[in-house]
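Both complexes shown next keep chain A, but they swap its partner, so chain B is in the first and chain C is in the second.
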Partner chain A sequence: MNTSARQSSGSAVETRLLLGDREHTKLVARKRRGAAFRMVTFIPVVLAVILILALLADVTLNSISWQVVEPRGSGQTFAWVEGFRGFGTWGRVVRLELAAQGLSAQEVEALFADSDELRKFRARNRVELMWSANGQPWRWVVANSRDRREEDYGLFTGLRNRSALLEGLEEGQNLYLNPWLDLSFFRKNASRTPIMAGLVSALFGTLWVIGLVILISLPVAVGTAIYLEEYAPDNTYTRFLEVNLRNLAGVPSIVYGILGLSVFVRLARIGPTVLAAALTLSLLILPVVVIAAREAIRAVPDSLRQASYGLGATRWQTVSRVVLPNAVNGIVTGMILAVARAIGETAPLLLIGAAAFVPRLPDGPLSTYTVIPIQIFSWISENDPEFQHVASAGIITLLGVLFLLYAFAFVVRRRFERHW
Partner chain B sequence: MIQVVPENHQTTRTDPVAVEEAIIAVGDFSLWYGDFQALYDISVTFPKNQVTALIGASGCGKSTLLRCINRMNDLIPSVRVDGSISYEGVDLYSLAVDPVEVRRRVGMVFQKPNPFPKTIYENVAFGPRLNGFRGNLDGLVEKSLRGAALWDEVWDKLRQSGLGLSGGQQQRLCIARAMATEPDVILMDEPTSALDPIATDRIEELIHEIKKEYTVIIVTHNMQQAGRVSDRTAFMHLGVLIEEGPTDQIFTKPKHEMTERYISGHFG
Partner chain C sequence: MVRSQRELARTAGLGRRGNRGHRETAIGIVLLICASISILTTFAVILVLARETFGFFADPAVTVWEFLTAREWTPLFAESQRRFGISPLLLGTMLVTTIALVVGLPMGLGAAIFLSEFSSARVRRTAMPVLEVFAGIPTVVLGYFALLFVTPILQEIVPGLKFFNPLSAGLVMAFMILPTVSSISIDSMQAVPRALREAAYGLGATKFEVVTKVVVPAALSGIVASFILAMSRAIGETMIVTLAAGQRPTFTFDPRETIATMTSFIVQAATGDQPAGSLASRSLFAVGATLFAMTLALNIISQQVVRRFGERYE
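Let's look at the complex of A and B:
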């Protein structure tokens, strides 16, 4: 009897749940509309990813090229195992090259002993590892600033016509597959010769500028955010400040460049130096950092402040012991994202006089400087088409630096994540 | 909303507390949030080492009154007060009194357990550290946790996060945290409303225990709870203190008609 009761009630449920033909058609149509809408929202994501990958592929391909070169030196290339000696690689490859040029061992050691001669030699010669030289893989080459570069092909064009290129080589010519972005790229200074040009001065310039930007903007931004969130009375003046802050975050960066030029470079007579750049970029990112820091401070639950005050904490004790430790995650993340923006800024720095050609490292806040985006910009503007490869290598480096920063921000977010 | 406030209302007092044994005395105390008056001429005394319950419907001002006793309402910018609250004879609202010092003497436990996202040890040590405590901090932490009947459950995980505890344990941690500043009075603002019945039971037992050393003022929505834990009860309605007296008298023979209606569940 029990069973039959359950069965009858079960069938009653079924009759209510099972759809008739009309309802079923409606349901199918609804699901189809849902799927179509999902596609509409999905397509832009796919497009964005494809575009980014295309950009990366283009830049990467552009940083590798086949070159037909008429070297000034011996024209010999050396196997990787022959030349690689860790930190001693440079001396080893240069000794091999000089021996190939016909110098005796004594003459070579005399050159290495004479620091003036050695410096001159270094200024004109670079040790480069080519991916391939005359068909042999991983060869050391001593590149000279007066090497004659006859032809330059893209990676795929060169691969397709490799045998024709090798056969077409004249006496004294070499065919190199040159990866422009290699370790020596980060050791070379600014140069008028593409093969001699590297990123080191721009890299250190960026490090100096960004370091100062962080030192200047972090305390100012956190202080402003604390004032606005924890101390400021809610009146017309405060609201006026807030509206201005949000508007400042949207001001074009070139305007900050004009401001920096007239205030820091000229009025304060700081000149076109690292400090002027850092001050200008700090102004540029301050609104963004302040807004991020305010959001982070506001996200700290009020119950924690109440608990702190209830235990007899003063306002400053509450801010420093409860609010800031719980907001540090959001503040650091906002700071990193803003710094990533500052690293890529070109326009304001062009205005305030970042130099395009700086053949030495910045040695303090008051030295002239260049930064990675400015260096890329000046390489792209060069006539010599080989500089396009150098610029591509610079772009990849810049993207790499930005990616590292974003990854760091992600790690910080994970590491300090709070659960209430 | 129409405010029905009895004109020239006199609080009904059964068996009033002698002034000498009162640790806190509220006299003709009124409070405004901007233009809105939330408390009307409250006069009441809280006797030492007893539990006083504040009961009343939502929005009657009982939490507001509680928060005035350790000057937590100072943190709301639009608040204005009139009248006096004296603590052992000192007017808490006189200009010479530092609100921070008041809050160190009068501890507070909130409705929702709100431990800091720190270790259990650091939670309890927070208050003492504010004053630059120089002494046996470990001993003070242990004493406070024992006082809040939590030591046996957490003695082996003092270095773990206070947020890992259950809701009831978190609330007892908050009580221990309040005890660690060695206050004389502990204010509790609906301390069990976010807890299950078993955790509530433990907190109520705890309140019974701690009244030997502390004066407790508790706001509660739960009439049974007021009946179980308190020695005295004050009933408030729309910012006015209607009636105040020993708990069994308030619950069995209320003098005021409104008190009787509230206690028997006609409104609120």
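Let's look at the complex of A and C:
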């Protein structure tokens, strides 16, 4: 037997010359088995890709639906050019709608002048760009919370039965294609009515929580990493620290929720607030950031440190002026990835009382809050199937935010990478 | 002359040696405190869980024997109907975890073998991030996917499948643990030295034989460790099971029934309004302690496997 067993291509004839018939058939069978095995190991990769595509397609399709609406307002729709005024679109479309309802110009302006009335109006109405099925695509609609939404169909079901649906429309009803993820989705607060539900309080909640998480966990994690890499003596305590960190990284996130519930919410009496959430999530991502920061610090070559010491620098001077500036790239990347994890974390926040229904924006570390994943969770758990569309819109937003973060981490790593 | 020398030293920042020493010590202490926060976290977790769990078992309504043997778990019910047997929750967790592992481990190992041994470096560079995507998708999204996409499809195939079931939760979880298994396995297979492979090729082995008879056995400790870690992650996973597997503790081995796991019970108990210190609230901590003990044990075992059985090639 020779090395030709290793090179599979084009060696068949050569092999023939060297092997007897029986050995040759055996060799072919062995190679065939190898090729089959290769195919088998390729399957999971393909499956994973298919599943991701299915997930994305499902979420996207679910964020659009055909709806038969019986409007409580004027029932009129307005052409795109008629309604679009940049940032003034909302006011413009509302004015058109009110005029169509038969209000005089003075009455309309009176409503716009009265901030209280205007806020109430805002809470009950939503300006949307919908695909109207009766021959006039992309029209502005003022959706009202008291509109009767008779039926709700998926994108393809609606397309297939479009003519039947149009024929079945009763007097005063309209068939719309409603994209749930639109601009007004980012301007609306939580609501019991699917069409009025939006993400704004959750967006601000996530911003507050994540901002605090970065403020809390970054210094602690970098401090821990510096201690372990540059300062720690080789003793039992240090070894315990390392083992402990590794084990903490494997603790399920919900256990951190239990910790946050009894220590921060109850014992420290912080209550179900932004601060409690930020502290809990900081502890949760701490091991991950520490591990990333340690790797970044370890990657700084020793020659740099020795050069610094040789110039008479103290340990801290070396760390702060030589090691950290050269490790900042890895630390930042690790921090971004950890933040991405914290943004999607749901279970611990459910435990420490992130409320799903928060009708106002958080205004400080001690205010109640909700975050994007909690909002998504509560929408999925709602009975009204229309909330599934809202949940899909929320999921697309969440995945979009995470994608931006990962892309940012990728760019940071590429752009500022150093080779020694 | 002496004076000017001292001045020179001061401007060069060398004269304040004593001062610098104090600062160095202070910084060292601050850093030590930072590092100790993680230890405090561990102690806090253990203390909190232990205190409330002792409170749970100290209650006359609960006995350790009942906790371990009874087949009903209904601590949120009215007082006369409460039962405290954790086995339905354990069974539910085991059901979901088993499905996830049976599907996820071979797939993860297969993907790892393909990416480490069969694919070109370019394919590996593009395929690895795709697998990692599953680790980055928030689990609430995966739960949504399991509940609203996978379950309806499975209901067409599997007769008698409930709307909330461990089957779809387990299948989606299999993909969640896939990157855990494959990235650790790839690392340990890449660590197998070239000389071993070359020796096997030299003996006339085909690529398939080298992979299955040399590389995988040599990397076995890392692969086993990744399996155990994946198991620990599956046991602790919360949102997928809460959304897709249901919240009704049932003592059953049937993957079509609605069940509850330890984690989904914790969510259920915490989102209801259980007053702090009540038995219902304490049952949450007892379940949490069980969960923590199980995952901690698995993590330690996985580290031990690497340390004890890991082959070192120097």
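Here is the rule we go by: the second predicted complex is superposed on the first by the 374 of 420 C-alpha atoms of A that agree within 3 Å, B and C clash if a C-alpha of one lies under 4 Å from a C-alpha of the other, contacts with A are read in each partner's own complex, and residues count from 1 in each chain.
Here, a contact is a pair of C-beta atoms (placed from the backbone, for glycine too) under 8 Å apart; a residue touches a chain by one contact, two chains touch by 3 or more.
Computed from a predicted structure; not experimentally measured.
Look at A:L261: by the touch rule set out above, it reaches chain C but stays clear of chain B. Looking at the superposition, the partner that touches the larger set of chain A residues, chain B or chain C, turns out to be C. When the two structures are aligned on the shared chain, A:A123 is found in touch with neither chain B nor chain C. In the superposed model, A:S253 makes contact with chain C only, not with chain B. In the superposition on chain A, contact is made by A:Q306 with chain B only, not with chain C. In the superposed model, A:P373 makes contact with chain C only, not with chain B.
In the superposed pair of complexes, A:N326 makes contact with chain B only, with no contact to chain C. In the superposition on chain A, A:T314 makes contact with both chain B and chain C. Chain A uses residues 312, 314 to touch chain B in one structure and chain C in the other.
Chain A makes touch with chain B in their complex at residues 233-234, 301, 303-304, 306-314, 317, 321-322, 326, 418-420. Those residues of chain A lying in contact with chain C across their complex are 1-3, 5-6, 8, 27, 30-31, 33-35, 37-38, 40-45, 47-49, 51-52, 54-55, 58-59, 62, 219-221, 223-224, 226-228, 231-232, 240-241, 243-248, 250-259, 261-263, 266, 283, 286-287, 290, 312, 314-316, 340-341, 343-347, 350-351, 373, 376-377, 380-381, 388, 391-392, 395, 398-399, 402, 406. Interface of chain C with chain A (complex): residues 14, 20, 23-24, 27-28, 30-39, 41-42, 44-45, 48-49, 52, 106-108, 110-111, 113-115, 118, 127, 130-131, 133-134, 136-145, 147-149, 175, 178, 201-202, 204-209, 211-212, 229, 232-233, 235-239, 242-243, 263, 266-267, 270-271, 276, 284-285, 288, 291-292, 295-296, 298-300, 303.
Note for the complex: chain B touches chain A at residues 70, 72, 75, 77, 100-101, 103-104, 107-108, 110, 112, 114-117, 126-127, 130-131, 163, 174, 177-178, 181.
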